[in-house]
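The same chain A turns up in both complexes below, where it pairs with chain B and then with chain C.
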Partner chain A sequence: MEIRPPGVDMSVDAVRTCACRVRTAAHTFSILLAFTCLSATLPTPRYPSPIELALSPDGARLYVVCQGTDELVAFDLRTRAILRRIPVGREPKSVALSRDARRIYVANSWSDTVSEIDAASLEVVRKLPAGMEPTSAIPDREGRYLYVANRIGGDISVVDLASGVETKRLDAAPGASYLALSPDGSRVYGTHLYPNPGQFRAPPESEITVIDAARQVVAERYRLHNVAGVFHVALSADGRLGMAAQLRPKNLVPLAHVEHGWVFGNSISLFGEDVGEVVQIPIDELDRYFTPPFDIAIAPDKSAAYVSTSGSDSVTVIDLRRLLEFVRSKSPEEKRAMANDLSASANYVAARIPVGSAPKGLALAPDGKRLYVANRTGDTVSIVDTAARRVSGTLSLGAPAALTPERRGERLFYSARFGFQGHFGCANCHLEATQDNLSWDLEPDGFGKDIVDNRLLEWVDGTEPFKWNGGNPNLETECGPRTETFFYRSQSYDQEQLADLVRFLKSIPLRPNRFRAANGELTPAQERGQAIFERTRKKDGTPIPQFNQCPVCHSGPHYTNKELVDVGSGKPTDRSPLVDVPQLTNIALSAPYLHDGSAHTLEEIWTVFNPRDTHGVTNDLQKDELNDLIEYLKTL
Partner chain B sequence: MGPAFRFGSAWWVAALFCGVGGGQNAPAISYIYTQAARYEADAGLQGGERFPAGAAAQLVSGAVRRELAPGFAASADAVVSFDGLRALFAGKQRASDPWEIWEIGIEGGKPRKVSSDPDDCIAPFYLPDGIVYACRTSAGFQLFRVARAGGDTVQLTYGPGHHIPSDVLRDGRILFDGPHQAGRDIYTIYPDGTGVETYRCDHGRDRHAAREVSSGDIVFETGGRLARFTSARAAQMDVTQPAGEVAGPVAEIAPGEWLVSYRPSPGAPYRLYRMRGGQALPEKAADASGANALQPVLVRPHPAPKRFPSAIRERAGANLLCLNAYVSKLKIAAGSVHTARVWELDDQGTPVVLGQAPVESDGSFFIMAPGERAIRFELLDRAGKTVAAEKGWFWARRGEQRVCVGCHAGPEHSPENAQPLTLLRSTDPVELLKPAGGSQ
Partner chain C sequence: MKKTLALIFAAALAASGAGPEMPRFRWENFSTANGLPDDHVFNVAVDGNRVWAATENGLGLYENGKWKIYRPEDGLVHRAVLYVAPDKRTGDVWIATMGGLSRLSGGRFDNYTQLNSGLPNDVVYGVAVEGENVWVATAAGGGRLNTRTRQWALFNERNTPMYEIWTYGVSATPSKVYYAVWGGGVLEYDVKTERWKDYNDPDGETEMVLYKDQGLIHEITTSVSYAEKDRILWVATYFGASRYDGRNWKNFMDKDSGLPSNFLNQVKALDGNRAWFSTDKGLAYCDGENWAVYRPALDTHKPEMLVRDAAGKVSSVETETAPAHNYVLGMDFQGDDIWVATAKGLSHGIRLK
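Coming up: the complex of A and B.
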């Protein structure tokens, strides 16, 4: 079943209108119905948005995943002509070839499928199953199994390619996203976007999940301390060096300024026999930042590694021989300190190559002479001459000639050029226009006060006011003076740019809800949960005051009445106990919860932070009833 | 001197491309420099007169040269507006006047007085939304900012000694020369006076007259030679240059090519040269007939720096948080620090103790210090003995909130992501706003 999500083809106003009607007509409102009623609206321009690349082994053909047009584009690199545009599923996010190059696999993140494509006919031959939001799919060396990283599921599916059946699902980590196979085929390395659950306001911990491909079990988890937001992982041809692109957020220190790498450390985790223990190395400089690192391509002779930095519109070239020499010369203590040393990169960064707008996926020619770079919001592929270290050509993906305000806003969203010294952009915290599952200490409130959790950035139009204390009445205020003064600390958007950015933000659709049946029907557990959500009396028959009934505050299409309320979740360090009622749509995706992220799970909202029934009446509920309530909330 | 030509923008742009003037076959450039019979290179250290025999800013376009501000008894320190049409300079209408800040059109016209200080004001620079310059105070030259249209000035620096702007970086910060031990070093500050710090912490020999070039490098003079900071490195880097002496700053003609005040041998007057790598060719049009030719600046449009949005708020003082005092270029033994003592320089220039704040086991401490006063920190052990102490003075604006990675950590150190224990103890700082009675 192909889920049709909102957004890219539909006006946001129309989505809201329809959603409201559905909500009014039946309390069990289903966004899906809203999508159906929107099918007659006029399409808006769709931009290819190339995000990932793969090369045929002979280097003659380039496959480009176009997230915006839901297709795989095959280029003949000898003629630089497009061979074919192959429709795939919704929001495709990755491409990988079988070892014999006969099959191509594309992970369709919103369809929860993987398209299997015949490389000869360039036809989709199968849709393979996956978990929730497959973001990367790679076949094993023998072509027997396909490994699929599922972002929402936080797991890795193992699909038997002979039968087309998912045979295993391995527990990975939150936001499981990118995979790489070791050259000998014995290991699959996986990364993830969101940090592993931990203590409130503790340093974020991430991992590289290592799967034993022979036994199809998680063999190891390489700990990445103080890391959240791990993107691609790559292995050298000899298998001795692994590299993972990552962010080191500084969410625990007050964001009083930006200089000196105060907000993010853009870095690479090194692992493997070449380095021993995991070593984190920065790619930033003292006065210039290269963010966020996304993809990594390692030269076949291991002379260089190329790192795309999508907010900085550049590719960083790392001299691997100098890097390994530098790392090996350091003591264990010096290696640990290296991650925060902005002068370290001078010892191994060889060049920064300007490319197109928002470079994401990379593909290196088999001889290492050309690097292909997918410019996501530029709608092109840059061809880099790796010897000259400059762009020598460009492949066009045939984007609409004119940029809509939403598209201009999207470019602004992904750009880091507005942050002081190019340090970061919107997409550093709102990873891929979503969230980072972190809580931050912003400066304007004082130090250590008003800790704020980063909210999900989907379908936010109509959820004003913004900020947890409701201090910003609209997105123009949220993203204009506030962002300039307290985040970027530098001149940022002019009025036209701000208007474009807001248009883009309002156009970010809600992802398909994976917990709600396609026909809108609820499971028995979800129905029981709905009854709890909507109840007006406690189990003993005592009336629940109206103000303490769930649907009173969590009302409307977004499940927020947009009011400030005191539900008793305030902390002594909060300046006010009043919080803006958050929307509940796709609430399952945005852990941790509460205004400051202190509740790890939905259940903790009631079992830990609601002792006096001030946040709805929940203390008369048993564990299984809370489970039912959670099952229902996940469908919203 | 009164040239009978219109010195308009179209004129000098045309001259730029016509190849007149300049050394050998180099393309012509339009520029301003300061001509001075005597130049006291070290006067900036003492706040003394740099041009004891007078100075005159000269405007050169192609082979034509004239005074930038005819009728002034003295003029120097010229800089050009972002659109290339106006210039700021320090000038004296009469020889007995103090130096004052003026603005004049490149084409000429009536100069406009910018500063209103009774004492010397020098070294003006354009900000995106104002002008910054240095004025002499009882504590030495300090930086002040004023709106383009004039009005009240805002003092930006508060330390003892002399603080002289040398450039405005493209990221919006002001670069200035400030005192460091027996010499000078290069500092940055935001245009609202917050965030003062040395540009790097390797502290070389008497660094000053720094300019940012198109690569982002900071090129400066140190002991009569040029050196540079690059973004990638924490320490000063060499600049390939011919033997001889340079009087900074440089003016960038093109990437790697600078107009420089230079003399091949000591004792000779400084002249303007085009310097590229190890070669320097004299700039003929700026022949000063035995006088020194100094302070070159090109007359052409150039990008405005980014505007800086001030986050200063109404507070009784400045909130200063140190994340970890043990992160330091000094050798501070783990666990050795018990308290941080804060000193203030009073109005008589005497150091007085403001008080002490506890230092947590992770090295963090949080205080509120008086804003706009020279202060410094001293780290003490449990017995009250000094573990480490700042040698120089710094300051913060009232209402500023600032966090340091450590004590003399260096700008290459980004913070470790950890919640400071001092904020777990209290999110309110230890208030050290008034002297506690002690003195040094």
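Coming up: the complex of A and C.
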């Protein structure tokens, strides 16, 4: 186990990423890349970035997952002292306790493992297997199986806790991320960061995946209409009410105006016996937004639910008795329309409690009197007195005193305070500083004009120009005047803030590539695909014009020559057929594809949208050869 | 006294015409009149108390005495369903159709086509689940989807001994995967060694059987079933059936076995000796020595059960019911019961004790 002191980043991640690039990228760029690596190895402050919390059943201990320092911090709540910092895997994202509280499970999203920790010794006792990017791990009631939601895999691993072996992997949905066990242990509920694949320019659809814990099979899926970006899910103690925090993006209409919820609806999906069919309720108000809703804690007596809204630096308190009364008074038709009725929240939102910066995970004391809130970019845990509905104390995680420009920029990135009426921030579309798997109608140029797919926001430094039409030469332009004018519709960042934001954006690293072997070697299929990617002649020996050879446009460390090209994917609704050559790094993660997201899969780029070989020469390939090409692309 | 009783019993048996004791059934038949999606039933699969019917116009699920129908408007990739393979580990159901492959999981369909995925071809004749792999038989070769990595591997004439890529059926066990290649014999994949091997008719593609037990009976194969415990391979062809023990072939034709026809659509082995056969002239069963045939009589269409003993003597067993039609395309088992897909409905054979 690698142990690093808190607050200092030896940049192992950066070195590994760069080393991988050196192995994979075109050789001509290796020297340039080495310099980049060298500069990245300088120590930089590391901020704890608490993201998730768990309480011991007696309420005496608080476990805090620190994503930024790769550790689980155990607090003694009687003394408010840190008992221990437990090093775990890379980018930990969740914490859950066994029913007897003797074991703690932490999902390590970049290590693809789950750390099993002995609660008595506070030592990691086992490293359990998981799928691609485990984001949540919860044990079943009997402690026989561990369920792990894998974000990249879009699936849920079932791990036998006796043997430590993953027995099966259940298909969930894209971006599988958060899990909750029903109080009786019979069901596991899973939510997903990204929408299910659907028709081009159709409203997004998401789901809550319901697993039968007795048989470890998917029993049903609750459909969430017009929803993308579902975060935590929680169940009431009596098991009759489920609540999932979610975004309702309005990505099909131009961002002509941002008031009245026309960009995002911040809402909760209710399900279970208390409400019958799934009902979506807004938590926004007519002229104020609370976004994005992330975690939910339900009071043991079901009197209240607490929802962290990380861009609004607050916790929303919902009066559940009033909410259930309100929902039950509505007709089925009224229930379906409720999610867009911003006046509805006045009937059940009891309070908004200001907390720290970017509140994420919540934990409620067993008696319901104290709520703990992980402030991700504040590097603290707020203690909320639930009766007084105010912060009564703060736990410090020992962050570096000074904020770097990158950290200041990160706070800006996650904040929604710059959007008109606090409607949304960068992280609403770039979920957790990545992507949302949606295409948007951003410009106020008419309905359905210039649709753009949301690209991956990782390792973007050096991929300028920005926007699909290459209209913005640098990130300062991309995030400054453009954002202020077309997105936020209010005065946004000053020059210093903009500089900080850009520094943060440039610091977002590339996630480990899950499709390439750890030693960098390619499988036979990937090797065959590489040969196709690099070929200069068609199978019949005819030379392929240079402009139509893959590595000519997709060149350099990011696999983009940063030029505008016409690959024949333009639509009549596009103002120009020219598109910015996109980077290909971690391309497997960012479906849909093409500039407007019209290709659902990598395959469709060529099977559907390349009939005249204008986007590389692919029509002479057999099906298995195209498969090989795609297997290679996934490794980039 | 004992001797007298034995004689009386033997006389009674002779009078009834009874031969060897073969499974007897009471048949209940389903058609569109009582809920089936379509009367042309290509195959049937049983998963516990759920019965899946692959029909020409939709997928039918029979559960708790009721039919539920899935069609493209419900998310199914194509209406013509050719085969169904439940994955007992995950509870998902894989559906082979004339227009791609569907997975039904928790009520949601995920569709794989040759355009949106690595599926080799949209005409998917067969599908089988082997651990975390889903194998498909298509009109353009075989394919394997690793559900963990989501990677497709395609199998065709360039990377296997397959000289004909029209794969018509696939059967998977933990140790072996077999393809019935229509016009190309049988292809075997060893899961452990990841090696391929082919079995072909020594007579070539001729329709004559010159060397009867010297190899696979014919190149036009439709179905393969591997009795893993006994390591016996059963093959159905349009020209008879074959049984292979790893060393010797034993072939069956209508003229020298109890098969009612040489035209076989499917074979399903119970073990190394016992197997069921779907033919164009009825459902057939072999217990290793004796044969039974279940069908509406070819001439009168009245229910008929014929038994052929080891000596070749054929007798009729009285029965009041029969499968819906003599053209049988597939079958599956539910405990002692059997479900049979026919050209004119689905039949449930309820075992009589």
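Throughout what follows, the second predicted complex is superposed on the first by the 593 of 636 C-alpha atoms of A that agree within 3 Å, B and C clash if a C-alpha of one lies under 4 Å from a C-alpha of the other, contacts with A are read in each partner's own complex, and residues count from 1 in each chain.
To be clear about the criterion, a residue touches a chain if its C-beta (ideal position, glycine included) is under 8 Å from a C-beta of that chain, and two chains touch if they have at least 3 such contacts.
Since this is a predicted model, take the numbers as computed values, not measurements.
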item	value
Simultaneous placement of chain C and chain B on chain A, clash or fit	fit
Dominant toucher of chain A (residue count), chain B or chain C	B
Touching partner for A:350 - first (chain B), second (chain C), both, neither	neither
Chain B versus chain C as contact partner of A:257, first or second or both or neither	first
Touching partner for A:624 - first (chain B), second (chain C), both, neither	second
First, second, both or neither for A:286, with chain B first and chain C second	first
Which superposed partner A:403 touches (first chain B, second chain C, both, neither)	neither
First (chain B), second (chain C), both or neither touched by A:83	neither
Contacts of A:485 with chain B and chain C, given as first, second, both or neither	first
First (chain B), second (chain C), both or neither touched by A:340	first
Touching partner for A:601 - first (chain B), second (chain C), both, neither	second
Included angle at chain A between vectors to chain C and chain B, based on C-alpha centres and rounded to the nearest 10 degrees	130
Least Cα gap, in Å, left between chain B and chain C after the two complexes are fitted on chain A	20
Residues on chain B engaged by chain A in the complex (per definition of touch)	128, 171-172, 195, 200, 216, 230-235, 306-311, 313, 319, 321, 323, 366, 401-403, 405, 411-420, 423-424, 427, 429
Residues on chain C engaged by chain A in the complex (per definition of touch)	89-92, 103, 105-108, 110, 114-118, 120-121, 132, 140, 147-149, 151-154, 156, 158-159
Complex contact set, residues of chain A against chain C	131, 153, 155, 168-171, 196-197, 207, 209-210, 212, 215, 217-221, 515, 525, 600-601, 603-604, 607-608, 622-624, 627, 630-631
Chain A to chain B touching residues, read off their complex	201-204, 226, 248-254, 256-257, 259-262, 265, 282, 284-288, 340-343, 345-346, 349, 420-421, 441, 443-444, 446-449, 481, 484-486, 488-491, 573
